[in-house]
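In structure tokens below, several structures.
Each of the next two complexes has chain A plus one other chain: chain B in the first, chain C in the second.
What follows is the complex of A and B.
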């Protein structure tokens, strides 16, 4: 199962998830993509009997299903809804297993309405910076992000089961730096995946820096035991191994 | 043996498109780029629905060679081809290499030699080192798994099947008949300019995207079921020098919109795209603009060709380099191949680490070089030349060493009988 136990214990996150109604920004690079966090988060929400809404501007639903299947996550047994942000064409002819539940069109208010009608979920936005590629201004992207954040914060999780939160995955470079800084100001946690500073290695795929975001101080004191950390990781098809620098199992 | 048989009579069996192979790790359909070593670097081939970005070399034109391989492979495999070139007119007869073997997909019946080329057995016994004996070969003789499989099935059925990757010869040119028989769509030069001016207000990106979308919608969409009895085919799209001065867009971000929408179209299609990009045009005081990184993000695989000639600032530096013996000895290679990004469709990891022979053979992703020989283009692991050159260290020939020994006089050897061949002499 795609549960990265070392990551959860290092960051001191209960059940591998941050607090309810918090926002997490995941940034990655060209070869170190933050998409490796997505199966982990989805699986942890499933274990809490929660539901997930995955909005992707980068890949079709099939891509994520393949990855999760390899990691032992059976999405068909749980409530995973996919929102297509990649193309605006009609995808109703796809098989039911890979058919998106909603397509994000030019009018985002329809998406907001649809999102409000959903039960409390973990909303994952993969490839948020693609909105910049499509010609939108940073302000427009921030307004979209803020609208989603407000909807997530308004979801009421009434019991221990279930989860509500927002995760935005993006690629960080010079072009998206301004957007990334703006997002960090509006987030509780920031996870940055990047290549190794010491150079390429066959045993280490990259390094993760996990730090609190600007809104982390607003979390009630005592409820958050989050510890910032710098970890190395190794990606395989079936899992992602996180470890302290120099503690790779291959080396030891 | 169990008598149980799975009943598959009611299920529709779809034959895969010709000259494709399935990646076992990602269940992704692959096509060949035409260069076996590049296929190897990419993890077996180019995934269908993906975009390969080739960052062009400066002052040289090796990237065009890769594109010509891609186009020739499309014709050899019977795939449909769409070429987009805003810079100049496309002359396929002068640009595309022919293939070395006569048995290929388009010519399956007319006067072909059924006997597969036999590898010389004397070459088998010539080995430099025993440890290289069991290493698999990337290219050269076409003795890989797919070629054997194709030959076996051809022998059984009597019908020649299309091989995954044809063997091309750069000293040959493609025959006009092959070009006429192929389905090729060309958007280039003045035609592209007039089409974009007439229908899209001069926006070249919109014009090309509309054409590609129409092609995919007509015959290559994976959203439409295939007709009974018909088989799928692959559309290969070749875009040359995307973003050069001849490409006109509505604003500076047109190229990003174009690539994003192109990716969306390709993801739900049986099409594959190779784009060459003049990255050196997007530099400011020697530093690449941030938009280049965005362009790389929007493609599924990114490689860069860095020719040795292009690393020197002025032509006089190139001439000066030719006069340096050590540099001339290193001239076996023509440049470096940098891998910026590997395809990761349907997977978190790239297939290169498991499937690549260049990778498993001791190479890595950052020490690859390419060389252009008379007949072929290949990617190899880069090795530094011997210090001082090869000529001084070369072992003299047998006759030369004998005459040298005779000139040296009696008693030069350590044998018991001077002047006679002795098994103990060394």
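What follows is the complex of A and C.
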């Protein structure tokens, strides 16, 4: 099941999603990838009849379609647009089901213009730190992130159906720490997936530290009921289970 | 009511002319709630507030008051692709705008974040702050309040830290500013006391301890007009009315067993861990005696307390009484007893008008 009910209840997120027009940063490690959050967020937006725009610097569209199919989500029935940030080559010859809706070229202003023309959506940027690997400076990456954030904030969500927000997924290590420190100052939520502190375990895949970002205090009227938490999780074939440390169903 | 803390007097405009205040933060603990609370205090005090928006600005209850003006310098999406050749012009325009406001009534200029300015140019940012501070002078109620990320400031410009490991920008800012307020999470107290609370290693910047932006530790460096530099460590908390409250740090550690990772439920409200749960406890109540839970006795019985109180100090008689006609009479305050010290100022003595007992918590 792509919606992690235990995660939503432990963090006290309404409908499993952060507040509208907020920014969430998901960081992960080599062994504990934050990509596990993406199906959860996508499916929760689909349940609200909202749209998702997925910009990936790491994987092709097919990769995400496979994951969602295994978790029981039929992406073709919902409004999911894929932006290819992986390669600059023309992918128009691909079948329609796996063809990206936009390819990010060297000029990012075209992407900004395209993004502004889209309806309010959950914008997910997977692999933001890849821009550093490509040789871009942290300031340039932050400039790109801030531009996307401004566009998302300017989207007006007109009804209870629909959702607008920004999620950025990145790898956190000593080379990307500066980027992560800059991002946490511009986010409302920071989710960090990492290996288990006490070592490897067959029952636990890793741990999640979910804390508020620096902008969380500005959420309107302090209405957020978000509960910071330290959770363990186990990745299975079709779902991800979250539980408090020591509360794995295998142990109990 | 003042509890003697300088940080409280500065934040509540009770004393001190402090033209330039830097709120220094890291990824572990944001200073944004404290900056907003101090801005609200300035509005409450009657100052006009000018918010220089370089990022998202401040909360709506500050931005939309009649006494608040905001000037927006946040780069729009369309401007981000442009080459930053106009940095010098941008700084000049910003300095001119700020100068116009400062020349008017008492005003509080708030930079919601100076990181974008530092990204553009360290030198121009420091020059801007220095010039603005110079415009205010020493005798005005006007202030500049700026939020500064001390953990990333040096790297933004592609530079590295100095050989000593200290932040170059932070050092320069502390020379220009009249007060630097460093913000730390409450969990930092443990790393400052290695051996008692932890092994002294700094916590990672993502940890469950960093979950409450409305309370933390502040370290104040305050440069006064007399030339003295005061340092102070205290706690802050933003209360329900969004006003800042400052208090002393009183710590009594009870190490019951090895520290463990706090459970999700315990840290949800930002409260200190429950004693006896295998975690360290910081007790902020000064009435708790450190000798309470020891295996040996350090306290006094009632008889011991009375015996101690009845001991006559050897020179007390000389201080309180003076001889007159072979009789002891109470010493008059003006004449003093034999224990009083009379001091005559030398010509070279530099009389400091500041009260030397200013730092005492009396």
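Rule of thumb we're sticking to: the second predicted complex is superposed on the first by the 251 of 252 C-alpha atoms of A that agree within 3 Å, B and C clash if a C-alpha of one lies under 4 Å from a C-alpha of the other, contacts with A are read in each partner's own complex, and residues count from 1 in each chain.
Assume a contact is a pair of C-beta atoms (placed from the backbone, for glycine too) under 8 Å apart; a residue touches a chain by one contact, two chains touch by 3 or more.
As the structure is a computational prediction, the values presented were derived from the model and not from experiment.
After alignment on the shared chain A, the placement of chain B and chain C results in a side-by-side fit free of clashes. In the superposition on chain A, A:94 makes contact with chain B only, not with chain C. By the touch criterion defined above, A:78 lies against neither chain B nor chain C after alignment on the C-alpha atoms of chain A. When both complexes are overlaid on chain A, the residue A:209 reaches chain C alone and has no touch with chain B. By the touch criterion defined above, A:146 lies against chain C but remains apart from chain B after alignment on the C-alpha atoms of chain A.
Measured by the number of chain A residues touched, the leading partner among chain B and chain C is C.
Judged by the touch definition given at the top, the superposed model places A:192 against chain C, while chain B stays out of reach. In the superposition on chain A, A:173 makes contact with chain B only, not with chain C.
Once the two complexes are laid over each other on the shared chain, residue contacts for A:66 go to chain B alone; chain C is not touched. By the touch criterion stated above, A:36 is placed in contact with chain B alone, chain C being left untouched. Superposition on chain A leaves chain B and chain C with their closest Cα atoms 15 Å from each other. Within the complex formed with chain C, the residues of chain A that make contact are 10, 27, 107-109, 112, 116, 137-139, 142-143, 146-147, 150-151, 172, 177-178, 180-182, 184-186, 190, 192, 197, 209, 211-212, 214-218, 220, 227-231, 244-245. Residues of chain A touching chain B in their complex: 30-31, 33, 35-36, 59-60, 62-63, 66-67, 70, 86-87, 89-91, 93-94, 130, 132-135, 171, 173-176, 200, 202, 235-237, 240.
On the side of chain C, the complex with chain A involves touching residues 26-27, 30, 32-33, 36, 55-56, 58-60, 75-78, 80-81, 113, 115, 119, 149, 151-152, 155-156, 158, 205-208, 210-211, 213-214, 261-265, 267-268. Interface residues of chain B facing chain A in the complex, by the touch rule stated above, are 25-27, 223-225, 251, 253, 256-257, 259-261, 263-265, 267-268, 290-291, 293-294, 296-298, 302, 340-341, 344-349, 353, 364-366.
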